[in-house]
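After this come two complexes, each holding subunit A, first together with subunit B and then together with subunit C.
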Partner chain A sequence: MEAIFFLIIIGVVVAGGFLAAFIWAVRSGQYEDDYSPSVRILFDQKKPKKKKDEANSIQDNDTIDKKKEH
Partner chain B sequence: MSGIRVEAPPPLKKFAFLDMPEISDKLLDFKEGNRSKVRLFIPAIHCASCIWLLEHLHTLHHGILYSSVNFPKKEVHISFQNDLISLRQLVELLASIHYVPEITLQDMEGSTSRKSDRKLLIKLGIAGFSFLNIMTYSLAEYVPGGDAIDPKLKQLFAILSFVLILPVVLYSANDYYLSAWKGLKHKIISIDLPITLGILALFVQSSWEVFSGTGIGYMDSLAGLLFFLLIGKWYQGKTYQALSFERDYRSYFPIAVTKVEQEEEVILPIRELRKGDTILIRNQELIPADALLTEGRANIDYSFVTGEAIPQSRHPGDLIFAGGRQVGSTIKLIIEKPVEQSYLTQLWNQSEQKSEKLSLDNLINQISQYFTAIVLIIAFTSFFYWIATDLRTAVYVFSSVLIIACPCALALTVPFTFGSTMRVFGKRGFYIKSTDVVEKIYRTTCLVFDKTGTLTLNRKMKTRFEGEPLTSSEQQLIRSLVQHSSHPLSTALYDTLPAIESLEVDQYEEIPGLGITAVIGTQRINIGSRLFVTGSETGEDAQESRVYIGFGNQMRGFFRFSNLYRANLKQVIDTLSHKYELHLISGDNDAERTRLETIFGPSAELHFNQSPTEKKQYIENLKKQGKQVLMIGDGLNDAGALRESDAGISIADDVFSFSPASDAILDAKQFAKLDKFICFTKQSFKVIRLSLLISFFYNVIGLSFAVSAKLSPLVAAILMPLSSVSVVAFATLTVTLLAQKKLNPELSTH
Partner chain C sequence: MELQRFAYDNRLSRMFLNATMFWGFVGMLVGLTIALELVFPLMSSGIPWLSFGRLRPLHTNAVVFAFVGNGMFTGIYYSTPRLLKTPMYSQTLGKIHFWGWQLIIAAAVFTLPLGFTVGKEYAELEWPIDIAIAIVWIIFGINLIMTMVKRRVKHIYVAIWFYIATFVTVAVLHIVNSINIPVSLFKSYPVYAGIQDALVQWWYGHNAVAFFLTTPYLGLMYYFVPKAANRPIYSYKLSIIHFWALIFLYIWAGPHHLLYSALPDWAQALGVAFSIMLIGPSWGGMLNGLLTLRGAWDKVRESPVLKMFVVGITAYGMATFEGPLLSLKSVNAISHFTDWTIAHVHIGALGWNGMITFGMLYWLLPRLFNTRLYSKKLANTHFWLATSGMLFFAIPLYFAAFTQSLMWKEFTEAGYLRYPNFIETVVQILPMYYLRALGGALYLTGVILLIYNLVMTARSGSFVRFEEDEAPALRTGKISGEKGHRIIESKPVLFTILALIAISIGGLVEFVPMFMVKSNVPTIAAVQPYTPLELHGRDIYVREGCYLCHSQMVRPFRSEVERYGDYSKAGEVVYDHPFQFGSKRTGPDLARAGVQSGPMYKPASWHYNHFLSPQKMVAQSIMPPYPWLIKNDLDISTTNRKIKAMQYLGVPYPEGFADKANAHLQQQAYEIAQNLRDNGIQIEDTKEVIALIAYIHRLGRDIHGGEKVHFSER
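Our next item is the complex of A and B:
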């Protein structure tokens, strides 16, 4: 009997936690753009500062050139 | 590959206005110390590498701290250090990598927030949360052996359900109460009224059961009902975020313009333009107000206004209407009327009167009138029938009828049927503003077309040479020369002449508004207006566009240009003419009348030389005759008519950047399907009728339980979700299947 009371409380708390997470997600605008996060996750992480500038500037030029082609 | 032309470089001072603090401050979302945040609309965003590039802006300039893309809205949010990079430099940087932000007057007046959308999602989340939790408490009672549950536990379940239902009834459902009340105030019985009655009956009945200790009531059905209803609302409300259906002149006009003040050029916000100001308009800039040309050769491209691709030339002393784009050299103008009072903008302000009103004429509201009345009659009759035996049973039956008749399935029919219709249309290039518009298109009896830009192609023309036929070497010379010009007529010539190897061109010169000239080998060639080629203007025909060709001093002949109609126009019009009354209103002269008469057939009405105001009045007259008018147009000159009509469709070559305010936007490439789209709304309506039948069927079953005082929470808990789910599944599936059958060209029957 006590187990059931205990479970009910846990159930409400857990579900309430998810509700709070959902409300936070909506408020922070996560449902407004459902495409770019899926792309963003594929981006390379930032590299150490010194190397990054060179590497990225070459990559950037590549992409810009590609853009101009089409 | 045919005809690659490098676009004219953007004028250097194009973004100079961003240096003015009063303008940049309004555009910035946030500014504190040296940190600023801005949101820019960039129509060019279209793929994953766009996101990559725009989110790595910080590697291009160290002043940019962070940038993130909102893909569906085609926006980029950038935060930057304003002491290292100014807003203007930032925008110019974006423009230099071919992501030109679109900054218009509308951005200055605060952006519209999408807060209401978030609220709906939160309401939906709360309803879902309560629904699932209450369901776990109620389920125990529905399964065999449920009677054996400890009464204490039952009481706890009941109290918990009551606590969980409160936010649903008080918060999630409040839109329904408000809308029902608003409807009542306007003496309209909307669908929200029986829903509100149902919600209240469910809540009161269940609360009474909870506190009298007789059971858990219908809390699960109530939470489920609202959960489904809100899903319907959310499904219906999902629209195309990057498309704007509410564009007015402010979305087209620039924010600032160059004013000449005592021989000096100053940048002035266009709101501050006064009559008598002298302004400078450079190549590719828009003329913001009706003005008098004082200096320079104006060559105005009115394609945004009329759909006409060929620029019109104007001489000093001519009045130029706002909305045109200068092509060629810089011109000077004196403002005749301030921006708000110019011809086009006024037209807009007039028609802005058409405001949103509670519409009675939609199907669901019509049904709900009868529905509510019948439900109330049934409720009262059964109440009086049972009162003879027992008052308590009578009250129970009364609330049972209201509960089970709550038109959840009925209310979900339209959102899901028309919502799916919108989606299948959207996938095929026809974007509709809201589900109401689908119903309006269905009710249409009369179609009105604009001609230029709507029925004709924007950038392509038919050409015919008048004079001695050209030899192939002459064709080669002409083609080599026009290759270097970006004028629409040159482009058209280049495309029609047979593809031969291009020759080297010397001393090329383009004189805006007149023509182009160059030397190829030893031969000088002039191509352009009659004045340019022959030196005299006599014999020029104002009715049509001509391009004269001169070799040396010798006039060789001229090309005659005529509009090229969209592919499948004849077939589209044929199909539509069987079902609708057709009208054509064109701002052009009637040179094309005979051709259009053969396309449109004898029953259609064709009108030419119509001004934007006349177009609008024409629609008003049709409406006065009781017709449901669907207007199909494209330019700003149709904006008045599009707004005035019951449903306005604007046709756009680029749906993201240019279309006047309307109810729907059709991608110009999909014009051949216009007839299918319009006729498909009839299919959608059939689906709605069938779904309504299904929901009535469930209602009859439910009511038979209710009036015989046998409605238990279990019956409600099964019947209410079942009816909703089956209606939703039926509506979405049938529409998607029908669309595959009717809208895909390879499978279509006609």
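Our next item is the complex of A and C:
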């Protein structure tokens, strides 16, 4: 069953890589703020022209809501 | 801080979006075709490239890698720049990725129906295409990572984490599982054999589901659901926790595909335990997605996009509940080899991947073309067609699976099998196969509506090539002005990781063959290598995709031992490159088809007539006829190379046997053909069917006191 040990080694290496990424993420402060990133993604889209934005907003509820907030 | 202005380039998203629609239609059309072939077996009318065994790999590859693959790239190329506040690192790499990926799919469309296949599910593509996949995938990864390096926001949103995990893990999986020894341009043998090959394959297969169909789509969910609902994800904290938990747990669950097989028990138990644990992070994702819509269900009622997301996420929750359930040994004993597996994967594919893709496309395309959706009504119709199509697909198959499995296992009071004829159990569930085809047809109709709706939408608007945005530079400051390798140099960690990836790929390719070859030592003395004719027959078996309907793995249950013969052992398959356990029994198991005293044995003349017309031998059979096997001559020009490749892989043919192999082959073919002629069948020695019969008659023979093979004397 050499393959299984081989796969375990690869699995551990991959998991180790993810562990390193996790430690990096925590240390570099990625998770210090666990609320605002979720809100920020909603505001990052700039529509090129105001006029077209109007047309767009009728399309569905989400853009109507956005207008209310503005 | 000073704001920097930049523009997002929408062209890559648009290209991938078009490809998603196109390949979605193709992949599902092929799916509907093979669903119909199961109820109208004569449909392929003797055309090799239309037969079920050749089209089924095309269906799975087209839906997984072409439809879902392009769908994932559409969303990734749209969301990544916006989340990181920078354009993609390289438009050129993106284009290479796009065209490379489409060429790979086009290559699959030609090679799979022609029978060029490795014979491992979802990893069927032959070695030149495998290499292309690895290269294109790494190009995609470089573009993704470098975009991350160039980012203007410090915080990496959770969707990006899912994309990165997808890239890293799929690269490793694909490379490890695809290490094959080429025999010719379109034929190769995996370096692993038998149970080892099975283990590597299902480690790959399971994680392909995890890291190709799940993690990228969770990333898309975390971007597009909040965007479409215009509210933040329910719990950002939960998204982070469930991300890390998911990727750490998933990679160990593969062995649950090999329960009750010859795999060591402890490995099976490991796979089961991790599969059960996976409910946690999986449902974390589902709940997070659904709860994002709390207090916004009025929007769901109005918006086809959100409706599709809700059904998609719910299907994800159902499939990830069902998965651990199927991993329990007692449940698996019933479900394995039945249509339950097919129903399960389609809840995932039609429900989760399909619905998330459709929702994303309906949301995204009007934005790319700065217009409104052409018809909300059509989109709603599509939603109902897709939802009912999915249910019409899955529910009949659940019913079929239970029915058939219980029929397989039922004994009479006298202790005999209640349904000893396999075909009885097939006929019983045929009505369900009709319903499944109906479900598929409904779903495909929905996709046609989607394409029409999106094309009309695009026509009503004009493509927005660039979208401007502005953001302050990342606080470290020095990154934005630098180019190329300088960035890597300034990031020792990143550099180390990239170097490590490069080294480990090279190392793997060098080291694995050596390592695996030594390990293929037989553990049952009676088990011998295949004769050259049988080896050719085996390659035909793989080419025709027989393994997609016939398993070669008798599980240690009384009902199976009674029906097929002695249960399968690891030592029997040490020369099997690739393994052919199969995962579905549309027809009976063949592991004991060569045991003369066993219940599965049929004489050569039966096989000949059966390949010519299965319905002539078993009136209600749903197997298609294979007339070309009888017409075509066996290509023996590759015998020498095939034997040498096997010798390289550690199969103990005598020294110098490769040169004598064809003489051996012709002698054996003569004997089988003579046997057929004695039974009144007019046939020459040289036909393909002879090799296939030779292979089938070898199955299980060695451990049942069959005649010993002599390689040297003939």
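The definition used in the following text is that the second predicted complex is superposed on the first by the 44 of 70 C-alpha atoms of A that agree within 3 Å, B and C clash if a C-alpha of one lies under 4 Å from a C-alpha of the other, contacts with A are read in each partner's own complex, and residues count from 1 in each chain.
The working rule: a residue touches a chain if its C-beta (ideal position, glycine included) is under 8 Å from a C-beta of that chain, and two chains touch if they have at least 3 such contacts.
Note that this is a predicted model, so its numbers are computed, not measured.
Undergrad: Just subunit B (first), just subunit C (second), both, or neither: which does A:D33 touch?
TA: Both subunit B and subunit C are touched by A:D33.
Undergrad: In the overlaid three-chain picture, which partner chain does A:I4 touch, first (subunit B) or second (subunit C), both, or neither?
TA: Both partners.
Undergrad: Have a look at where A:I41 lands relative to subunit B and subunit C in the superposition and call it first, second, both or neither.
TA: So A:I41 only meets subunit C here.
Undergrad: Taking the superposition as given, does A:V13 touch the first partner, subunit B, the second, subunit C, both, or neither?
TA: A:V13 sits against subunit C, while subunit B stays out of touch.
Undergrad: May I ask you to decide whether A:F22 touches subunit B, subunit C, both, or neither, giving the answer as first, second, both or neither?
TA: both
Undergrad: Looking only at contacts as defined up top, I'd like to know whether subunit B or subunit C touches more of subunit A.
TA: More residues of subunit A are touched by C.
Undergrad: Hey, what residues of subunit A end up touching subunit B and subunit C alike?
TA: The answer is residues 1, 4, 11, 15, 18, 22, 29, 31, 33-35, 39-40, 42, 52, 56, 60, 63, 66 of subunit A.
Undergrad: Touching residues of subunit A toward subunit B in the complex: what are they?
TA: On the subunit A side, the touching residues are 1, 4-5, 8, 11-12, 15-16, 18-19, 22-23, 26-27, 29, 31-36, 39-40, 42-43, 52-53, 56-57, 60, 63-64, 66-68.
Undergrad: For subunit A, which residues are in contact with subunit C within the complex?
TA: Touch list, subunit A to subunit C: 1-4, 6-7, 10-11, 13-15, 17-18, 21-22, 24-25, 29-31, 33-35, 37-42, 44-46, 48, 52, 55-56, 58-63, 65-66.
Undergrad: Any idea which subunit B residues touch subunit A in the complex?
TA: Counting only subunit B, the residues touching subunit A are 48-49, 51-53, 55-56, 59-60, 68-73, 97-98, 114, 117-118, 121-122, 125-126, 129, 132-133, 136, 150, 153, 156, 160.
Undergrad: With touch defined as at the start, can you tell me which subunit C residues reach subunit A in the complex?
TA: 82-83, 85, 153-158, 164-165, 168-169, 172, 176, 192, 195-197, 199-200, 203, 223, 226-233, 236-237, 239-240, 244, 247-248, 251-252, 254, 264, 267, 299, 302-303, 305, 366-367, 370-373, 464, 467-470, 493, 497, 500, 504, 512, 515-516, 519
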